[in-house]
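Below: the structure, in structure tokens.
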Amino acid sequence: MTHQRKLWGAVVLLAGFHAVVLFAGFFAPYDYATQDRDSPFASPARIHFVDQRGNFHPRPFVYAAASQPAPMQFFVSGEPYKIAGLFASRIHLFGVAKPGRIYLLGTDAYGRDQLSRFLYGGQISLLAGLLAAALSVSLGIVVGAISGFYGGWIDEFLMRGGELFLALPWLYLLFAVRAALPLHIADWQVFLLLVVVIGAIGWARPARLIRGVVLSAKERSFVLVARGFGASDIYLLRRHVLPQTYGIVLTQMALLIPQYVLAEVTLTFLGLGVSEPMPSWGSLLSSLQQYYVLSSYWWMFLPAILLIPIFLAYYSAADALQERWKSVSL
Amino acid sequence: MTLFTEPLMNIRGLGKRYAQRRPFSRGRAAVCAFDDVNLAIRRCSTVAVVGESGAGKSSLARCLALLDQPSRGEIYWEGQIISGLPKKELFPLRRQIQLIFQDPSSSLNPRFTAAQIIAEPLRIHREGTPAQRYERAITLMKQVGLSPDAAQKRPSEFSGGQRQRLAIARALALEPKLLILDEALSSLDVANREMILDLLVDLQATRALTYLHISHDLQLVSQFAGEVAVMHQGKIIEQQSARALFACPMHSYTQELIEEIPAIEAILEERSA
Amino acid sequence: MRYLIRRLVHAILLLVAISIFSFALIQIAPGDFFDAMRLNPQVSAQTVDGIRSQYGLDRSFPVRYERWMRSLLGGQLGFSLAYNSPVSPLLRVRARNTLLLTGSATSLAWLLALPIGIWTAARKGKLPDRLVGLATSTLLTIPDILLFLVLLLLAVRTGWFPAGGMISSGGEEAGTWSKAKDVALHLFLPALGLAIVTLPVLLRHIRSAMIEVLDSQFLRAARGHGISRRRLLWRYALPVAANPLISLFGFSIAALLSASVLVEVILSWPGLGPLLVESILARDVYVVVGVVTLSSVFLVAGNLVADLLLYATDPRIRVE
């Protein structure tokens, strides 16, 4: 029973977090590129309820640089943004009136709000991870299904190919392919390229696992019965065999997404991914390579630290899924 | 009287070999499942093929159900050759020959509902709309003695006997002429066995079905089979009407089998009566 | 014997596939490499033409591949624009450093994981096992990048360890012993980081391999004979667990190489990692391909070594 709870807990957390990232424009007080040259490396603002004179205010406020209390406002109108690139809006969850500023996670060298950049960054890094994982698993399903169902030389050939992909150090492979592609192309193209490269390299393990399930499923009596009715191969795969793989598919997704998010973050961190001012979490962390940033401005670590609960949620989900499908093995 | 009627299914010299697939063995030793099988199945009859496990009975069942291609020999259906036909031509034939497996738990997809299971052959042969197929499924459920309320239940919610009824309902969906039962009663307890046998007898009368029973249990078979063929080590060694078989078996192996039956005297008495 | 030959053939095929892949990459890369080379005043026109003819750049694909393979096998890996030198000597030094780093990290990781893995396997389900399991899961959720950055922070803030490089400035002149100590000091943090990153997965696999052996019938029979626990563990269980562990070692090399790139960049260890990143940014195609090919060769060699070890230690494989 506990793995049911673990699974639901993880799913709720993840759904919540992904929803926040999807509506980053709403939750973030500022745009990801807005600079504030007057406040480079500002430390995170603290929310107060009691002012310096000891008076209690029900409305929380922060102290902006001018040492004037700036009350927080909710559902304010701020900078324009687009939800999922389609619907325009100006309403933000919270903000402070100008000239006050609210930097809950501090700012970077250009005075850009780190919270806003983190939330918008999720749209890049998380999405990259999700899409790449979906690509890997889809490729894995196709290859695994063909390999397991038809067997013979096609199986040999595909599995040997998979061994090749598994044997190579994937990061090197990633770099190599990235190197072959042009460096300076449009942002969305870089993003797409990253997704395709990361996703296309990782098909081998899901393919092998799915092949295993397909191999055992196709021998089950009910498949034979359907064959006896004259069902085509596609029908058998679609209705009887592939549904057996749902467990593995979900588990693989839960395991691959964090790995691929990390892959995108690493690539961008090293300068090989999306470029400024796109706020991939990798770009947010790249300034830490400078010693003075590293040792003096601790809040720049936060994007990396915030990855931990996300990964925890995904791994817990994967664990719970593995437990669940182990006990339901048919 | 039946001498001049074409048998429904006629099997001549059927044989099946499986190639050894062990990668480390030297040479290609082939395993022969059965060889030189001749069998004539007449309409509306109940024929039984009896033999111990490993005698090649299941392989035979699969070949006759068109799930496997035999290595040698021919299968005739209503006078036409059907063994060796390409897939497309076999498709309409599949409606007429159905196979029921021994273990109903594994022959029913645990994720499907009862209605989906029964309607599946209709779906594969693209008969009717989903609503019509559902109606058919309900009708069939009633005919095999299952309550239509159970239409949305999954196989795990049925008992063993009920699952076998489900399998039979499914097999009847396309209105077949021949039903091959591969040890279909062996996994049931005695009470269920009786009920299913009654059902089968009923269905045979109402639908003009022909049955081919594959079994290792001569005693079981003696209760309902009209004709019995005894299989030993891949060959049919004796084939007669049941009465004649029990009265004077021609082969020593058959004699052995008969003697193993505990209540044999009662049966012989009944038979001669 | 057949097993060894099979593995050798497999390794060779893998290397050939890698070489074709690397070669294809060079072909895809935009042709500005040679144009850039020509524009560079430091590189003489003769060098450029020499390289062009060496690689037969005006000929067909198979000819180019053959020329490339030939120079590859002759130890020639091309020319680096950024460093203005042939690639091979450049790679040699960097490769040595990376090997030093990954070698120490692997040894460290295995030295820690093996005893802990065996210890927790023997106490499966009890408190120490659960605690270690918890620690392992926690470590798994920490992204590598965070760990390495924290280690860098440690170095910068405390000054206990140097924050980068392999030798302190002026250290080349020192005697062998103090040079070794200097390098070791520089090596410590990156090796530690790499070891911590590979430790959790390693630990899990060792533990499950040991548990499988400890639960097996033959071991229970031996226990029934009254053989002492220690002897059981070391003389009976471990040799059998060695097979999956050696295979594990083979598989872990790929992950190790991937992780080493990041640690080398962040902690400024002069290995193949930073070289790779720089050369991609500089469009230094031959260096990129050289690094990828070389690391793949390491990988294949490492797996071959693992196969050899398997052959030597597991009698079942010899019989097959």
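Just so it is clear, A, B and C label the chains in written order, and each chain counts residues from 1 on its own.
In this section, contacts are C-beta pairs under 8 Å (C-beta built on N, C-alpha and C of every residue); 3 or more make two chains touch, one makes a residue touch a chain.
If you're wondering where the values come from, they're calculated on a predicted model, not measured in any experiment.
Traced through touching neighbours, the fewest hops from subunit B to subunit C number 2.
Across the two candidate interfaces, A-B and A-C, the one carrying more C-beta contacts is A-C.
Of all the chains shown, the one with its CA centroid nearest the global CA centroid is A. Subunit B and subunit C have CA centres that are 60 Å apart.
The distance from the centre of subunit A to the centre of subunit B, with each centre set as the mean of the Cα atoms, comes to 55 Å.
Subunit A and subunit C have Cα centroids separated by 27 Å. Residues 164, 166-173, 175-183, 262, 265-266, 269-272, 285, 288-289, 291, 294-295, 301, 304-305, 307-308, 311-312, 315 of subunit A touch subunit C in their complex. Contact residues on subunit A toward subunit B in their complex (touch as defined above): 220-222, 224-231, 235, 240, 243, 330. If you check the complex, the residues on subunit B that touch subunit A are 65-67, 90-91, 94, 98-99, 101, 103, 106-111, 120-121, 124-125, 170, 174.
Of all residues in subunit C, those touching subunit A in their complex are 14, 17-18, 21-22, 25, 28-30, 137, 140-146, 149-150, 152-153, 156-157, 163, 253-255, 257-259, 261-262, 265-266, 276-277, 279-281, 283, 285, 288-289, 291-292, 295-296, 299-300, 303.
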